[in-house]
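Going by the order they are written in, the chains are A, B, C and D; count residues from 1 in each one.
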Amino acid sequence: MTITDPQVASPRGSTGLPPEEPRFASDLPTPEQLAARYEEVRATTEALSAPLNPEDQVVQSMPDVSPTKWHRAHTTWFFETFVLAPYEPGFRPVHPSYDYLFNSYYEQVGPRHPRHERGLLSRPTVAEVGAYRATVDHTMGSFLAGSARERWDEVAPIIEIGLHHEQQHQELLLVDIKHVLSRNPLCPSYQVRVPAGPASSSWSPAGPVRWCEVEGGVAELGHAGRGFAWDNEGPRHRVFLDDFAVADRLVTCGEWEAFIRDGGYTRPELWLSEGWAMVQQEGWEAPLYWERDGHGWALFTLHGRQPLVTDEPVVHVSFLEADAYARWSGFRLPTEAEWEVAATRVAAGEPPNDLSTGALHPRAAPPVAGERDGVRQLAGDVWEWTASAYRPYPGFRNPPGAVGEYNGKFMCSQMVLRGGACVTPAAHVRPTYRNFFPPSARWAAAGLRLAADPA
Amino acid sequence: MTITDPQVASPRGSTGLPPEEPRFASDLPTPEQLAARYEEVRATTEALSAPLNPEDQVVQSMPDVSPTKWHRAHTTWFFETFVLAPYEPGFRPVHPSYDYLFNSYYEQVGPRHPRHERGLLSRPTVAEVGAYRATVDHTMGSFLAGSARERWDEVAPIIEIGLHHEQQHQELLLVDIKHVLSRNPLCPSYQVRVPAGPASSSWSPAGPVRWCEVEGGVAELGHAGRGFAWDNEGPRHRVFLDDFAVADRLVTCGEWEAFIRDGGYTRPELWLSEGWAMVQQEGWEAPLYWERDGHGWALFTLHGRQPLVTDEPVVHVSFLEADAYARWSGFRLPTEAEWEVAATRVAAGEPPNDLSTGALHPRAAPPVAGERDGVRQLAGDVWEWTASAYRPYPGFRNPPGAVGEYNGKFMCSQMVLRGGACVTPAAHVRPTYRNFFPPSARWAAAGLRLAADPA
Amino acid sequence: MTITDPQVASPRGSTGLPPEEPRFASDLPTPEQLAARYEEVRATTEALSAPLNPEDQVVQSMPDVSPTKWHRAHTTWFFETFVLAPYEPGFRPVHPSYDYLFNSYYEQVGPRHPRHERGLLSRPTVAEVGAYRATVDHTMGSFLAGSARERWDEVAPIIEIGLHHEQQHQELLLVDIKHVLSRNPLCPSYQVRVPAGPASSSWSPAGPVRWCEVEGGVAELGHAGRGFAWDNEGPRHRVFLDDFAVADRLVTCGEWEAFIRDGGYTRPELWLSEGWAMVQQEGWEAPLYWERDGHGWALFTLHGRQPLVTDEPVVHVSFLEADAYARWSGFRLPTEAEWEVAATRVAAGEPPNDLSTGALHPRAAPPVAGERDGVRQLAGDVWEWTASAYRPYPGFRNPPGAVGEYNGKFMCSQMVLRGGACVTPAAHVRPTYRNFFPPSARWAAAGLRLAADPA
Amino acid sequence: MTITDPQVASPRGSTGLPPEEPRFASDLPTPEQLAARYEEVRATTEALSAPLNPEDQVVQSMPDVSPTKWHRAHTTWFFETFVLAPYEPGFRPVHPSYDYLFNSYYEQVGPRHPRHERGLLSRPTVAEVGAYRATVDHTMGSFLAGSARERWDEVAPIIEIGLHHEQQHQELLLVDIKHVLSRNPLCPSYQVRVPAGPASSSWSPAGPVRWCEVEGGVAELGHAGRGFAWDNEGPRHRVFLDDFAVADRLVTCGEWEAFIRDGGYTRPELWLSEGWAMVQQEGWEAPLYWERDGHGWALFTLHGRQPLVTDEPVVHVSFLEADAYARWSGFRLPTEAEWEVAATRVAAGEPPNDLSTGALHPRAAPPVAGERDGVRQLAGDVWEWTASAYRPYPGFRNPPGAVGEYNGKFMCSQMVLRGGACVTPAAHVRPTYRNFFPPSARWAAAGLRLAADPA
């Protein structure tokens, strides 16, 4: 039994945590490798913005949404602030105000423009933001070819974070512009629908759910490999699980229609108290972007308004709705531990419908190949709400400095989602990845899968 | 692998769950025993209201708070609605509007008066509420002596719930009236301070924290005995825990002062994002009820304004503050599993400072008896914020019917607290009891204890 | 042409206006007269509170409403603050906090308890407020018999203001408690209905409106006599009026029903923009306190819920509703100048239904006596919305000191009402009296009379 | 005495007013004249938009502000809706949704896009709005050359209204974009400052105010000529005025600085109650767009941030501030009747600083020419707050139909401003013009002039 008095001891919290070892030093990419990845990621952001005209890139349709040009500038600011400013000798910021305008939430970096006022900024213009990106890209190119190499062990991990950070914003850019366009009575499309490939068109209907049973016991959870992972995916640790079963596909739009027809949005006994309050306050009667269309439903998508497809996974539901649906169905949501174990042990492993497919919309589950087939749609399509609140893993500590604000400070009042969506860059689709949103959020590309307790 | 199609199967959620067996049938008290407990619990509520004049019993100082007379009427309505109405032949409610006025949140019972408007009701008067209680008590007396015995297996568990429900409202009555009185510039006392007993007065200062180490592994959690427990305390289940250490006493006011002096409320890096937003929005700079008093602090208590006592446990802090304090201290909050294991294995077992002591305020920890002494203050004094979000235990299902709305529907966006407080009836202080509040709530009698990971 | 430079001259605004002569020095009552009036006014307030129990006197049902005990205390504070404190040697306030608690809006007196939190105060209790009143009355008695006489010219006008102030609060006490009781699903009565006198019961139905034509030209407006008047009733001044006609009675409930049946609350073209916004935002579909009762309407009154009486004047409508009704009817509201000229020249002069009748509700117009009969219901029954915004008369200046905050600072965004209501003390019913409320206020006892332009 | 029963008579309000004669039939321009004016007005709007890039034209910085492209589209919609739709045979609207998107507030035209969501619309793009304008202009050209001539008496007045309407929006476009740009930390300019002309640069300092006395009596007010006027400028009518004096120039920035230095924003006794509430709630401590700049002040203008110029008229103050300033100065604001009489009788008549000068900012008063010089700055520079609430003139009736919603429905809770501003088209600067804004509005180009009562 050790004795410490927090009143007299020098608390670690107040003096700052000791710097830790670079977490993945042995895995460092070479400067050439990272330069190539930098170019690719940055070019992807520009390609995703390309279908949008300047007006589209200005609008903020609600506080959670950021304008497209803000995403493009903020991800650039990240490299200026966390890479060039500390490591590039003689660095001069492109513009003295961009630090104020394009800081998202890093309290330790300084004051910042209020989040809900991002849509008030017509300047810098879209062209100026483009120039900002080009300038920083040019400087980053020189940096990677030059002084970066002197402190590569320090610099490379931050650039990696910057690239993963930008990829997260690629997804946000898409779900945000979807929300922006959806608020326009003209129903504009982000892009013309990509024709589905042959595999998809030959798929049979979703078919009945098959339950995949998984044996319980003590399991290990969290990131363990040498690849990149966010701090919140660790430390790897043990949990105890009972036996459980998980549905072999996502809940579909057709099933959600049955929930609606059965009074799902009108029966308080199905809902968490917070959920029922939202139903009444916000007038929820279907997922976000569903609109009644004669006798059926239409969905607003990145391809404009489209008729509902019964076998496609439902998307743009909140945790509160997912939870009510699960209660209605007689089953439940999986915990994040169950989800991760299932994804590790019993995944069917079909090619994921992530950002790389270009579909930008979830697809019906592929047909079952045989009796022994595994769990489908674990990667891509929609983020899957789990039953788990977003809290730190045992032993988790915020990393020191501003980058430590990345994940840890949001570990309250949010729920974990797993699996990645059709708008998620492929590098962000892995079994240990922990996404998180407040229980009432609906503009994220989130759906659900059911779990059950074996009889 | 079983196959079920939620679209065609009759889901349990939509047809209603099958009635379960009474949970504690073998433990049923006799009618005489329950009648005696009924009298005692009901009399306690009246005794707690006695120091208040009619004006005090009307005010609602914020939406979370209910007027005293509402608590007194609502607990009475519970017996009318869930016991007398279904089981007493020929039952006539005391007043046709009371069902509307005194339903708290049972959606399945019918429409109800809006919660935030409880303070608008001058009628029924305090005297009329008193008469309402007396009438229902009289009817309950006849019922317990008569027709209740015919369906005792069904009736007794509901009366037990009603009594525990009323005891929960005894605590709420006290924390609510404290908030009401605190908003009055005249600083009225609820009661004159009860002199501390000899044990207390001879206690030494809080002294340094001692860390009690607990060995990890697979542990069992949740209620298992034959006594009464809420549905949310079960099912009993297994969890895996790493080794951990827990502080042998609560965090004190003196320690909290050090946190304030060290800039605790001004350093965003110590806070969850939601916490820092509250600090700025609400102007938090100390626990609720702390007021600067010259160079030091005074606390508003149920005994009026009192000087801060360094060794007393801090109380009326939110989870967000508790979390920031823990980060500042270099330690962390225990999870609810750790707390329950510690409370079961290493409690010092001193007499708890719960409602039965009449102190109505947390007390400094009793002196340590020896080197082998256990963890103090686990029962009573203050509810202890844990690191755990309030979610259902594995296998938990809401019970059927309106009583099923009691705990389950709040399992979202709240944190678990353990241990009971100085205003908690003794019957509600046990190791498996799960209390819960939103992370920003401060008017509950909540404080904290630290935990640590062994080196 | 005179030349003044406000930059260099000593502006009157910044140095304070010079003290003016007492305005009605020649009319000063004797100390004995004023003592008698003091007793009478103070006793009336207590009599109006008598039907209420302590709980009723605590509640604040909306920010515009004050609790009964607050009215009783605030009017007492007025005498302490503006009479005893400055003029009674050795004066000690009854309680050091009452100055903070019971100041209504006098910025120059000091900080004060927030208006919208008056309902949070259970203390001082109703009994303590009663004792406060008794103590101040006792002190005022001694003061009037003693030291008041030394500076009678200064003191008497302030006491007069204090008494008229208290009478205004008598009316507020009644309309406020009506609102409080109306929010209670139990529909409590303030008092049992006073039986209508013989004159009333023999009255014929309202009958058609008769139009009284008044010749225009330059008219004089404003208070001129020696009796008490508020500062806002002067200075007396000239206005030019065209010929006009005024209805010889108030608009009735029956007429308002016709307006509702004709879609009055559903046709935007009848409404001012601000009015239509309120209709939609607040869901107005009838006057305040009207509730559908089967096929007809019931009204919540100070005598509980009562069936609508067709010939009674409509009451509890906002200016916005009155304006819409007038537009619907094809006529218009009179200006305050027209109203005052009519009240001076063509009033029928029947006995007014003011507070002294005890009816506490407007009455149907008395029958017309003959062809030459004048305009009825100008005094009492309901305050009449005029077409005039509440602005200062030409030459008006705020009096110096805190009492100057009484009327002048509200001369913006309000409309003028004239004539007094059934809850207005008789001393406040006179042709020059200018009452005022925001255009959307409905809890005041306000109705309307139509005017027209001659063909 | 005439008798009418509004219950049985066919009320004019409910059946619609009879159509009136075209008000200015004898003054009708020829189709060629009106076509030329149409081209000019429409081209001016485009010229005012030209300095703005697409991003600038999208943003709505507060509910009162509309995006530039919305102004451009809405003014075009006006011609489609009120001219082409009813009068052009075979008319097809350019886009089926524009009627919904670009209706401002005409309830009788149908449902419309919510005002506060205008900034959510990225589409139609700026280019599409330009094309919309071009198409409607083309159609209007054909119409004016063709079918318009058949019903010219009906059509011409509506086109005139449409052009004056568009000119009002030219001013709004400028004050709105000023607000938009002001919310951007980059402080962008709308245009580079136009160099002041030689007359201006040689002007002497503002100099002391000279008071111009005007004799009272019965005066005539309101529009009487044959030129265009809004409905709210009539009917012409008589008012009675006392003698008064009016300052011969506007209040300057230097004088406002003195007000600030003398505690103007910290002394409640200077303010209307509504004004003091705004000071505290909004933190007002200077006019809108004033920012402290070292020891002095800078102003955000359409030319970017500029140092304060002492002799320039103060602009962007609310009525509440103007009223407080006047009280502080010891003088008062003129009524709108006084202002109009002064503008008619004693104006100096110097060339006005309206939109045609291109200055886009108020200028210091021109030097006084001699002892007999008149009142300067009555036309242009800044709208002048008057002491008058915006209410209908005697005999005013809303015109029938949707155009009747133009002015009348806003005659409540607003104050009258007179004289036009530096951003006002010249055609809108005339002595009878009644502008109006709520008392707390600050984004309009409003300042003030003092008035006084002769000794």
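Note that a residue touches a chain if its C-beta (ideal position, glycine included) is under 8 Å from a C-beta of that chain, and two chains touch if they have at least 3 such contacts.
Predicted, not measured: the structure shown is a model, and the values here were computed from it.
A.B. asks: Out of curiosity, which chains are bumping into both subunit C and subunit D?
C.D. replies: Of all the chains present, none is in contact with both subunit C and subunit D.
A.B. asks: Which whole number of Å gives the spacing of the CA centres of subunit B and subunit D?
C.D. replies: 60
A.B. asks: Measure off the straight-line distance from the CA centroid of subunit A to the CA centroid of subunit B, and report it in whole Å.
C.D. replies: Taking the average C-alpha coordinate of subunit A and of subunit B, the gap between them is 36 Å.
A.B. asks: Measuring centre to centre with CA averages, how many angstrom lie between subunit B and subunit C?
C.D. replies: About 49 Å, centre to centre.
A.B. asks: Would you pick out the residues of subunit B that each touch at least 2 other chains?
C.D. replies: Correct list: empty.
A.B. asks: Could you classify the connectivity of these chains, where an edge means two chains touch, as line, ring, star, complete or other?
C.D. replies: Looks like a ring, each chain touching just two neighbours.
A.B. asks: Enumerate the contact residues on subunit C facing subunit B in the complex.
C.D. replies: Touching subunit B from subunit C are residues 53-59, 61, 69, 97, 100-101, 113, 117, 119-126, 180-181, 183-186, 188.
A.B. asks: Which part of subunit A faces subunit B closely enough to touch in the complex?
C.D. replies: 1-7, 9, 11-14, 105, 107-108, 208-213, 218, 237-240, 242, 245, 254-255, 258, 262, 268-276, 319-320, 323, 327-331, 387-389, 391-392, 394-395, 398, 404-405, 409-413, 439, 450, 453, 455
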